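Have a look at the structure below, then the notes.
We call the chains A, B, C, D and E, going by the order they appear; numbering starts again at 1 in every chain.
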Amino acid sequence: MLTVDGLQAGYGRAQVLFDVSLQVNDGELVTLMGRNGMGKTTTVRSIMGLLGPRAGRIVFDGNDIHGAAPEKVARLGAGLVPEGRQVFPTLTVRENLIATAGNRLKRSDPWTLDKVYALFPRMQERANQMAGTLSGGEQQMLAVGRALMTNPKLLILDEATEGLAPVIRTEIWHVVEQLKAQGQSILLIDKNINVLKRLADRHYILEKGNVVWTGSGADLDRDAERVHGYVGV
Amino acid sequence: QEAVKIGVITTLSGPAGYLGQDVRDGLQLAIDMEGGSLGGVPVELVVEDDGLKPGNGRQIADKFMNDEGMKLLTGIIFSNVAGATVPEIVENGAIYISPNAGPSNLAGEGCHENYFVVSWQNDALHEAAGAAAKKLGYTNAMALAPNYQAGKDAVEGFKRTFEGEVSEIFTQLGQTDYSAEMAQIRAADPEVVFQFHPGGMGIAFLRQYSQAGLQGNIPMVLSEPSTDAVVLNAVGDAAIGITATAHWNRDFDNESNKAFVAAWDEKYDHPITYYASQGYDTGLLIASALRETGGVDDIDALREAVRKADFDSVRGEFKFGPNQHPVHNWYQLDIVAGEDGKPVAVTKEVLLENYGDAYAEQCQM
Amino acid sequence: MILFLEQLLNGLQYGVMLFLLAAGLTLIFGIMGVINLAHGSLYMIGAFGGTWVATQTGSFWIGLPAALVIAGLFGFLIETTVVRKLYARDHLDQVLATFALILIFNQMIVLTFGRQPIFTPLPAGLSGSIELLPGLFYPPYRLLIIATGLLVAVGLYFLINRTRVGMLVRAGSTNRDMVRALGVDVRLLYTIVFGLGALLAGLAGYMTGPILAVQVGMGEEILLATFVVVVIGGVGSIKGAFVAGIGLGVVDTMLRAYLPTILRGFMAPSEADAIGSSVSSMGIFLLMAIVLLIRPKGLFAAGA
Amino acid sequence: MTEILRIEGLQKRFGGLVATDNVSLDVHTGEIHALIGPNGAGKSTLINQLCGELRQDAGMIHLAGRDISHMAAPDRVDLGLGRTFQMTCLLEDFTVRENVGLAVQARDGGNFRVFDRIMGRASVWEETDHLLQGSLLSERPDDIVADLSHGEKKQLELIMALATQPRLLLLDEPMAGLGHVESQQMIETLKALRGELSILLVEHDMDAVFALADRISVLVYGQIIMTGTADQVRGDPRVREAYLGTEDA
Amino acid sequence: MRKLILPIVLIAIFAAMPLFADIFGKNALQTLSARILIYAMAAASLNLILGFGGMVSFGHAAFFGVGAYAVGILSHHAASEVAIFGVFPGSTQLLITLPVAMLIAGFAALLIGALSLRTGGVQFIMITLAFAQMIFFLFVSLTTYGGEDGIIMRRANTLPGLNMRDKLTVYYVILAVAVIYFALMWRVIHSSFGQILKGIRQNERRMEAMGIATYRYKLYAFVLAGMGAGLAGALMANFLRFASPDMMHWTKSGELIIMVILGGLGTFFGPILGAAAFMILEFYLADWTEHWQLGLGIILLLVVLFTKGGILGLIERLKGGRG
């Protein structure tokens, strides 16, 4: 589904990513971990085409998307829940959900407004509220709903549970589990490693722009000491 | 002999750009007709656009006088540019001959021996219109003008010579829609309407006057700026039937004017306006002076020569009053449909004879 | 009474005309968030282009689509070569760039059409005036302008508030990258919408040509009024621009028509005239200042 | 025990929505008081009213015995109220050091001086460097804030709030966006502050809340449903249902 | 000390300009550089609120015009020996007229700012524009002071011990005032207050949360800027010996904004470079062709498209600076 190989990227003259390689296969849930500022978001932005990569190969669903425009990557089937929510503040909740919605890949059982509302009843309550006035957690729900509404092949969640109450977080993990069961590929960044250990097929740990550790949930436990050194758990 | 440079500071950009263009073209025509010289002295025009900014006008004047050593300047269209520029020029010892603007602050106490106006004093424009309305026998009028100095001056000027009953409406500077005023005019039903709206405002006013069905019902008497040939073209049939006033018209029957009109039509394809005539007259005036002095080295002699105004003006009789502003005739014109159906101005009769201006007394030279 | 009705009608039609002038700006400035000082240039280009075609063909109605196409094309050109590069930059760069465009377009008009204002014909059969009610005369061409304004208002309202295009443009004006990352080609969308705004400017220029003056710099003269309409209405709101246009039109007309008379009721005529005309000459600016002091975001601010 | 903050019957409506509904609450001097509750319960709205950014519709706020209900936001800061923002709110074009320096300067005064030299105010910069010391950001004081990662910005938020030397600190989800290690460090930092100042802590990270809070209040749909110790809150079925769920985090 | 090189070079250039102009017979350069100095001051005062404070005022020329009119009106009354409102005598003393012009402009700024600053963003742009236009219309209708045609001064204000009828003297007086002005501006920008102002531009909400009552600071800056523009206007009136409503027209406010952006928004030298570039372009292009506005438009367009941060940004980039 997604192969990143030897990715290098940065902002201005500062290089942030030095050597990032990772792979997400069909139907897999893969996580990206690392401390603050190690380059997780930068990796995601490079994949999405929001940041021009300097070197390396990015192949998505058989297409070379190195340097491709973000809309192209999205149209190929990548759905992003960005860091910091980034909902459209001057649109209502409902408009946020439908503005970019679509079922470009002709999924048989697509996400619809009703389904998102069922997942987050709060969104239905606030359908006509301007997104900019939502509470932090509500915005986060909206950002997740918005990405789902594009019915992506690969869902990328960058700290999608930040600021969510524990119940909702649990809910999201349920959804992630369900999606995975339905064969959805997911790339996930989150600090709740304990949950992820159970759900994910594979983990990558980033340290100063390099992938320094790869392994399964079981490997995480086995290699606890090294992992602790990288992410503190 | 090296060509005498004449500095032309004028407005070529913006909506009023055609005024400067016509003044320049008229001046140039006078030179061309004499084969590159004026009064036998080879001359060269140096033209610069002031962009209707007083500061720029001043800057250009400085350059003309100090860097290029010009002694003879002309060209300014607008009073505010003149205000910032003319005092500097005349105090610097150069001669300035105005082909258009004749503001009152330079006509009375602010007059100067080096400052000449070929065109008219601003107030006279509207005094002529008042005289026309009076002559036509009207006793009550409605006067409309934008709410700024020139607008108020226009209404005052009209009232001064009209002497009948006048109700006034002041519009906004830059106003586009006059339907409220049209309704008021219809309701008040005056015998005659006088209005002064420079530039695009005037075109809009006339067209809307006609569209409101007032044209033909309530006659209109206008001062010169409202009915120049370019305005008439842009207004179209809506202008037919208006009574206009002017100090010059294309159909003036004198030799000088015939030559001017013929040469203009041959050289340019834009219509001839009174601004062009003023530019041309400025050229003739300079020619008459240079013929006497042979150059610009002796400013005192030049000034004396200019003051004589010994030239055949396209408007007929011309002489300077004590404040070196013109004393000349004002005429009544009728706007009628020409052969192609487009409006043209036809000269009717003399309104004011040998007319000067009210500021001359205040001028001490 | 008839006079009052007539003045009210005058106010309404002036208001609709103001809205028509401001409609394109509502799209480009209000919705897309581009400070386009050259909006008046597009208006001028539409007026000159349309008039030229109309005079060549002798038909007002052939000039109309020509005005739309020409202004739209120029809009497209401006967007793809200039404005597109500035979305991500400081808003003030847009000010500088579009100011430069004003200079360029004004001079281009001078070079192609000369400096003098040109004549724009009225459509045959719509000149003169008709009697709406006994004693109430009205120019039929004005009715055409009212109709056009209403049509544009409805069309724009529908486009912005009822279609995805509107949502996406509004979304793009706050976070372009995110719209792209969700799979929408914002660049194409913006080009189209900018072109549409330009087209509306051209429409306004051509339609008002026969009652105003078609000349170089005509755009700058209406520019302030259009910005005022958009801002009073609440930036980004079609409804607001419409209400503000009508409100301004009516208030302005009524002030001009009745203020001096009312003032004369309790002061000397000369003073009354002076005060009345000073107040009404500050007209729209005074109104805008008052509205903004009471409602700092305008009448119908989006998001409030 | 004295209380630094006392809220009585605070009410705020947004149209038909009652965001804080007759909230009464107090924070004791020196304690860390956690405020938890579902998303959209009104926690941030409450904080915004406390610091004066939003005006309450009804109710009273007392800070250290003074009624500040109708005081302008900056004046409340002068009285010792400090806050962090849930969604980072920083001077993005300034460097890290300039951000903190400005916060120090704001408290230090002399802000209307037009002819002094800000770079010459040694006391300001000494204090700034002191505040930055020990944080991860001390390694990169001259980086532009816009270039920081999300988590790094969250850390800066806290430092800036501390720079104004508040008596009562309102923290809106300080751990959100922090990594595991960084969260642990933040907990240690806050622990060290206990006693020096009082804290009202809004947080969804239950590990942090239970590790830090002396008392916990639970806000649901704008109303405080209970206030108690960590164990009381953990054990309350209403809280479990409305908020905690079954997550084994 | 490297910081001092550019200012010293600039002062030297301006100081030597009359000499240079004389040697090369380009005396108009003296006029040009005097106007550049004055516009640079006006642009710099705008830059204080626009570039450093983030307040996009579209009415700044109003204060420039008010300053100019203050000088014009004072000298008008001095000449006619009629006291203003029957109370204040006129004056032609530069040492009186300049401070008065600054005070009046500052007072106008206080009034306009106090009202305008209740809004923000686009609304602020428009409301400042609205107030400026009202002042413009006010002066246009002031018959006593020449209305639209403006007010002409017989001669420049006097300074004890100097012959102000001499152009060169006037030039050096302008230069001296400008140098003092820019020195003070430098201090303001790098002062405690300047730092607060820069903070407000970036994030007002954060500043409030740090205890800064932003409204007061913005108003303070607005008044300072108004006084600066008033000073520049007063010098312009002395230089042109003329004041007219044209000086406060909205297009003039626009030009000041253009100068600031062109030079480099929010930088000390930006307004100086911007004013210089704009005036020089205008001067030489108009000299070269009557279609100079086309050339000016194209050049400005290229500057925006291919530099970031105006001329100063371009210079920085060429030097390989940050960005």
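Going forward, a residue touches a chain if its C-beta (ideal position, glycine included) is under 8 Å from a C-beta of that chain, and two chains touch if they have at least 3 such contacts.
What you are looking at is a predicted structure, and each value in this text was computed from that prediction instead of being measured.
Listed by label, the chains touching chain A and chain C alike form an empty list.
Of all chains, the one whose mean C-alpha position sits at the greatest distance from that of chain D is B.
Annotation: 48 Å between the Cα-based centres of chain C and chain D. Separation between the centroids of chain B and chain E, computed from CA atoms only, is 35 Å.
Note: centroid distance chain C to chain E, computed from Cα atoms, is 32 Å. Contact of a single residue of chain E with at least two other chains is seen at positions 137, 141, 293.
Touching two or more other chains at once are residues 12-13, 147-148, 173 of chain B. Touching two or more other chains at once are residues 106-107, 110, 278, 281 of chain C.
If you check each pair of chains against the touch rule, the ones that pass are A-C, A-D, B-C, B-E, C-E, D-E.
Only residues 184, 187-188, 190-196, 198-199, 202-203, 205-214, 217, 220, 224 of chain E touch chain D when the two sit together in their complex. Those residues of chain D that touch chain A in the complex are listed here as 14, 37-41, 43-45, 86-88, 136, 147-152, 155, 173, 176-184, 204, 206, 242-249. Note for the complex: chain A touches chain D at residues 11, 14, 34-37, 41, 83-85, 122, 133-138, 140-141, 159, 162-171, 173, 191-195, 231-233. Listing the residues of chain B that touch chain E in their complex gives 12-13, 47-49, 51-56, 58-60, 62-63, 66-67, 79-80, 82-84, 87-88, 103-106, 110, 147-150, 152, 173.
Looking at the complex, you find that chain C touches chain B at residues 3, 6-7, 10-11, 13-14, 17, 106-107, 110, 114-119, 121-122, 127-129, 137, 139, 141-142, 208, 210-218, 221-222, 225, 249, 253-254, 256-257, 260, 273, 276-278, 280-281, 283.
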